[in-house]
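Should a chain be cited, it is by its letter among A, B, C, D and E, assigned in written order, with residues numbered from 1 in that chain.
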Amino acid sequence: MSLLASPEQPTLEDFGTDVWWIVLIKVVGVFVVLVVMTLFAIVFERKVVSRMQQRIGPNRVGPRGYLQSLADGLKLAFKEDIMPALADKPVYFLAPVIAAVPAFLAFSVIPMGPSVSIFGERTPLQLTDAPIGVLIVLACSAMGVYGIVLAGWASGSTYPLLGGLRSAAQMVSYEIAMGLSIVAVFLYAGSMSTSEIVAAQANGNEVSFFGWEFTGPSWFAVLLPVSFVIYAIAVVGETNRAPFDLPEAESELVGGFHTEYSSLKFALFFLAEYINMVTVSALAATLFLGGWRAPWPLSIWDGANSGWWPMLWFFLKVVVALFVFIWLRGTLPRLRYDQFMRFGWKVLVPTALVWILAVATMRTVSREADLSTGQVALFVGVP
Amino acid sequence: MIEAPDLDYAALAPLLFLFGAACIGVLVEAFARREVRHPVQLAVALVGTVGGFLSAILLASTRELSGDGADVTAGDALAVDGAGIFLQATIAGLGALSILLFAERALDPARSSFVAAAAVPAGSPRDRELLTSERVQTEVYPLATFALGGMMLFVAANDLLVMFVALEVLSLPLYLMCGLARRRRLLSQEAAVKYFLLGAFASAFFLYGLALVYGATGSVRLSAVQEAVTDGGGDTLLVLGLALLIVGLMFKASVAPFHTWTPDVYQGAPTPVTAFMAACTKVAAFGAILRLLYVGFGTDEWTWRPLIYGIAIVSMIVGAVLGLTQTDLKRMLAYSSIAHAGFLLTGVLGFDATGDSPGLSATMFYLLVYGLTTIGAFAVLTMIRDGDGEATHLSSWAGLAQRSPVIAAVMTLFLLALAGIPLTSGFTGKFAVFRAAIDDGAWPLVVVALLTSAVAAFFYLRVVVLMYFSEPAPDGPTVGVPGLPTTIVLAVTAAATLVLGVVPGSVLDLAGQAANLVG
Amino acid sequence: MTLAHYLVLAAMLFTIGAVGVLVRRNAIVVFMCVELMLNSVNLTLVTFARATGTVDGQIMAFFVMVVAAAEVVVGLAIIMSIYRTRRSASVDDANLLKY
Amino acid sequence: MLSSYVPIVGLFALAAAFAFFSVAAAPFIGPRRYNRAKLQAYECGIEPVDQSLHGGRFPVKYYLVAMLFIIFDIEIVFLYPWAVANDALGVFGLVEMVVFIATVFIAYAYVWRRGGLEWD
Amino acid sequence: MSDFPFLLLMIAVPAVGAAVVAALPRGRDLLAKQISLGVSLVVLLLAVLATVAFDAGGDRFQLTSSVSWIEDFGVSFALGVDGIALVMLLLIGVLVPVVIGASWDDEPVGTRSMTVFFAWILLLEALMVGVFAATDVFLFYVFFEAMLVPMYFLIGSFGGPRRQYAAVKFFLYSLVGGLIMLAAVIGLYVVSANQGEGSFAFEVLNAIDIDPDVQKLLFLGFFVAFAIKAPLVPFHTWLPDAGAEAPVGGAVLLVGVLDKVGTFGFLRYCLPLFPDASRDFAPYVLALAVAGVLYAALLAMGQSDMKRLVSYTSVAHFGFIALGIFVFTTEAATGAVLYMVNHGLATGLLFLVVGMLIARGGSRRISDYGGVAAQAPVLAGVFLVAGLASLALPGTNSFVSEFLVLVGSYPSRPVFTIVATVGIILAALYVLLMYQRTMHGPARGLMGGHDLATPDGGEPAGPAGDTGGATATATVTAAPATARRVPDLSRREIAVASPLVALIIVLGVYPQPLIDLIEPAVAATISDVGGDPGGAEPQADTDAARTEAGN
């Protein structure tokens, strides 16, 4: 695969070698990107949902209302900060931090582009990478659960407690499905490094189909459709988004775990939720949608995968994914909690396990029988 | 390309039987209807254990396990040698007997010694309702089978890591089984908590020892450890690691001073489970101790010898002396098991790095006879009942001989065997281990052992005195009429106790032939 | 930082865990202390793996994690069952078996 | 090798600084007009009952989910390295993993049939 | 004839008999007694036939048979007898039918069944034969320990009021001794294994040389066990309790045979196997023995309980026997062996008679009896014979043996011998006092119709001299009015007592056949230990041997 990769394709050796100011720039860059993406996502969501509901949505603040979420954020900062009398003070204080910080960190291994030149230094458009890159994302998303549970517990109130427990249960349940869904990706990529997974999706395999040579699909979303579907569903649950937004089911639990939070503390939770959304969308793009690589028609142009262009493709993919999130929210009613848990445990998890076995078997058989992966994929895996 | 390790399926057959039966048991539990569950589970568990037993015997008879046939398999993780197979067969056989005890349905009015639904809080209305219902709980069979599989893996582990995993596989089901008593549930749950907390504590020690040995030798394979030990025996890290490993194993073997859980757990656990623990766990733990010391650290025996020496003395004294003060039979038998662990350790000391070790065969034989006897003794315990379940207080056994002479005689036989009176299996076993120890020059230890046996004999005798020489209390407990399973267990164990006392030759011979370990 | 530092840290964690098991009275806390011990062993294993230049130690750490998880499952089940009855997780309250 | 983690530390520092600043600054930026009712737990207007902290009891179901999570998470721990090294492991690796997943499925089937996956 | 498995049969027949009796249904007491008696008589017959087949001048061990038993331990089921063991077998053969006869009409305690009693007796007989006939140390040990079980149940189930205490005490003392011996037995095996093939066979072990230091340890191991069994002071405290609480039949076997295993063990195992150690320890053992003779005699005088008194006389006699053994002369040792037999007969008879008296009076206290001779002359006569035999009056069997012991030991150990002789005088005192108080004088206490002044089995009420006067005054007034008729010996009782009386007198007059049987075996033993097998100049020889060992 590395033979087919373009020269800009960074390898693992390229990480950890940057000079300090490059690192600094990239750190700030990632931070800014995430905050901006959050602000954008909120406004984007409100606009899309309102369109779906035949209304206009925010249109006052800034050009066509696009600064609405910035204004909301500032407004939140000037709201009264309440610490409930029964709260466990230190934990109540720490919980939003615990929720927000890992959300930022998860994005650190997402590749946004190939190696580019910044002020003469060549560096990949990715904060960092490691052989176990994806595990960092998973670890950070798991850490986020603590913030939520502790927030619910520390509030000293019944609704947040139940909301916190519910979201914890929900997140860990769907984390299993999510974790299982990406096993097949690792199987194909032979690596857990995000940049290498992107590289693995660089070129399609040459497939000979009744003597007709053509290039097969290279995205894992196409090669591993079941994985992709499971991943897509699981991350919706993982991020507590509609139709799986049970922890904050207003009709049952008021605001869920953050009922007692206000002001900037509430803002942090809000921020964390949207960053998580962005992160899982980015991860979906990375793992299944070819990462920063240009999609098929564009990839005919040779320059599409070099320079700063890929960042555009990448963020396009992320926005599309975000749109799907919002689309779901605009379309689907909320599930009942039991339906939701049953769906996770009884459908997603076993399906994922069986799918992994099927993929592994297929790969092993093709390898042992010396067939090309594409052939078998066409015959067996992708009906 | 990573090379696949060689798997000798025939050598793994005993283990496969047990683990297979356990997995099938779980499936049965999941899919069989409640009415048929009990017979099916029993059949599966028996097929598993008896199959494991027979396949071990078959394995032993078709291969030269004491000579060239002994080998390691599964990437050197498992040893297939005489001692391993002998102990595996012992565990499987004793396990089959214990499972028969689990299956007894005639004694308790509620048809089982196990709680119908363990998750229901004790004392709640639902619990009281279930207590008198005839609903039986069958999870205990797969649990026991898993534990047995773990034990059999434990004695064959040629790798400290495998040993650790096996330790946990055998322990975790046991923790749960302790909490499953149908009556006196609080006691039972408390026993489970205690056993669990202390057991996890001990396995942490084992694990730390493993880590240190790994650090000192770069491997956890026993043969590699042995090489490292031979090269530089005195390494502090290695000695520390060995000590920690021993602590972990001694805990499982309920050797004083690592015994504190034993009386509580033995008392609180359902009696069939206590029998199971006292017999099978002991065999497994000592099997692992033998393998660790003889194979891994055999060339460095002077490091561990004084340690074992001291522990053996402490265990014998603690077991014998504290046993004197007990008024509950289950507790008494628990202390007896601590004392017996000390006796077993004297056998372990009969090690000779150069020649063949009489200690190995002697200890294996002792384990076999002790297991049989102790299962029998606990089986008798299950039969003496009053309205509140089993009557294990000493006073309720007064005059039992007049009410039920056969049961009293059988119990007396077991107690005499535990005390080590000649013409019972207990004597033969003791003789074997003491001979091995004296052979190795440990005669002061043997003298201590003999004196403590005398002390221990006192509390066994006290039961005999009560049964035979006291008048029965008017409102004393009744002797239940056992069903077929308990009858089989009693018949087998009593016969074995006698036969192994009078004509132990062939079994001793077998143990002697099986006494070899590969590294 | 040399490897010895990691080992010392692990040993300290192990000791803290062991002492915790012995002095704490709440079953859950005792249990946590045991987990601490197991994890200190993981640290030791990984350090040694680094020292010997093999991955064996890391693989062992995997196994330890598995076992620790299984222990958590079983332990929580047992502790919960008694907690639900007695409404206390204190080891001292569980004293029916003292003589 | 560890140097590739340095940027993460940097990002952590930045994110933590931001989060702490937000949390710490909140009480000072906003107005402070507290009253007793405001500081009470939110209970739809009923007098709040202190029960969640210290001695509060959760439905046992949540523990069950936690346990199931641990079991499957552990399975994932084994699946990942296997998946990455699958090409090197060959048929043996596949067979082992089939056995492993089958074993997990047995337990899974048990939990399912026993109602462990029902949320009632 | 000598190929005939006498010994095996003597073990097997009673063992099978025991099983049969035990298996009888509950009500068939009479049948059980008949079977038991028959079996025991068969054993007696076998013993006599074995004696006939035994060639006193032949090999040391005869009638041997050996089957491999536990190969791994090198243990054989090896039987064989020398003269010493043979006379003990004869003693067993005689005593067991007597005991069965004596217990014929015993009433069981509580709801227990007497069939069990007879089963235990037969089992005990089998095991006792085994102990004496074993020529394999391991086998000996097995019988030695197994013997405890039936005795334990005899005392515990059928004994007096404090039977539980006595039974447990008996068992524990013996078990401790036995376990210590077990260590020595194993040690012996290991020593033999280090010098070639490990074995438990007596002949093999006798032939090997053992390092003197090791010998000392092993000797002590065996010695403690035997000293407890035989009871030598200070290991004797279990015997008075066991003897007093055991049923009469049990007591006869306990003191008559069981305890002889101890002294037999000295002769058979301690001396030949560990000659150097035996010589080293001999002075201490002798000191213990002589101290025991005096101490037990004094204690016996203080007893108010007849059975305890008889038990203490036995302790004294065992001191004598030990003295005879540990001076290492053939004469003394022959006397000791003879004493073992004679003591079995004499004390056995004494126990029986006391038992018969107790059966009539219902009390074990001497002070509860008086003037029995007037009403039951035969009983009194038998009592007198037993008493005289017990104090070794010339003409009774004990005299011969006591004389031999004293004569044999005086030349080499004059001081010990003289001190021990004092014991004889004391023995005369306590036996005669007991006889006189119970049989003669005014009818008192129970015999006088009074209820018991003190509860049965209470503490001894002061020195015997005082009680005599006190109770006499108390009973004089009441005696004439309500004097109860004391029945004399029934025909069964006479039949039980007469063989013993006859043997006491016959052996007192003509002990030579027994001596002929015993002497060669004893000579062999004494030569093993380096003593004087011929009896001439023992002093010089032992000294020489000791110097040799010292070098």
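Of note:
Simple rule for what comes next: a contact is a pair of C-beta atoms (placed from the backbone, for glycine too) under 8 Å apart; a residue touches a chain by one contact, two chains touch by 3 or more.
By chain, with names taken from UniProt: B = NADH-quinone oxidoreductase subunit N; C = NADH-quinone oxidoreductase subunit K; D = NADH-quinone oxidoreductase subunit A; E = NADH dehydrogenase subunit M.
Not measured: the values here are computed from a predicted model.
Common partners of chain C and chain E (NADH dehydrogenase subunit M), by the touch rule above, are B. When chain centres are taken as C-alpha averages, the shortest distance to the whole-protein C-alpha average belongs to B. Of all chains, E has its CA centroid at the greatest distance from the CA centroid of chain D. Distance between Cα centroids is largest for the pairing of chain B with A.
Counting contacting C-beta pairs between every two chains, the top pair is A-D.
A straight line joining the Cα centres of chain B and chain D is 39 Å long. Chain B and chain C have CA centres that are 25 Å apart. A separation of 44 Å divides the Cα centre of chain B from that of chain E (NADH dehydrogenase subunit M). Look at where the CA atoms of chain A average out and do the same for chain E (NADH dehydrogenase subunit M): the two points lie 96 Å apart. In chain D, 60, 66, 73, 90-91, 93, 112 are the positions where the chain touches two or more neighbouring chains simultaneously. Shared interface positions of chain C, defined as residues touching 2 or more other chains, are 70, 77, 84.
Residues of chain A in contact with two or more other chains: none.
A complete list of chain pairs in contact reads A-D, B-C, B-D, B-E, C-D.
Within the complex formed with chain B, the residues of chain C that make contact are 7, 14, 17-18, 21, 27, 30-31, 34, 37-38, 40-41, 44-45, 47-48, 51-52, 54, 56-57, 60, 63-64, 67, 70-71, 74-75, 77-79, 81-82, 84-86, 91, 94, 96-97, 99. For chain A in complex with chain D, the touching residues are 12, 15-18, 23-24, 26-28, 30-31, 77-86, 88, 93, 96-97, 100-101, 103-105, 108, 127-130, 135-136, 153, 155-159, 161, 165, 168-169, 172-173, 175-176, 179-180, 183-184, 186-187, 190-192, 254, 259-260, 263-265, 267-268, 337-338, 341-342, 345-346, 349-350, 353, 356-357, 360-361, 363-364, 367-368. Interface of chain B with chain C (complex): residues 118-119, 121-123, 161, 164-165, 168, 172, 175-176, 179, 185-187, 189-194, 196-197, 200-201, 203-204, 207-208, 210-212, 214-215, 218-220, 263-264, 267-268, 326, 328, 331.
Interface residues of chain D facing chain B in the complex, by the touch rule stated above, are 60, 85, 88-93, 103, 106-107, 109-110, 112-114.
Across the interface of their complex, chain E (NADH dehydrogenase subunit M) is touched by residues 361, 402, 416, 419-423, 427-428, 431-432, 434-435, 438-439, 443, 446-447, 450-451, 453-454, 457-458, 461-462, 465, 468-471, 503-505, 508-509, 512 of chain B.
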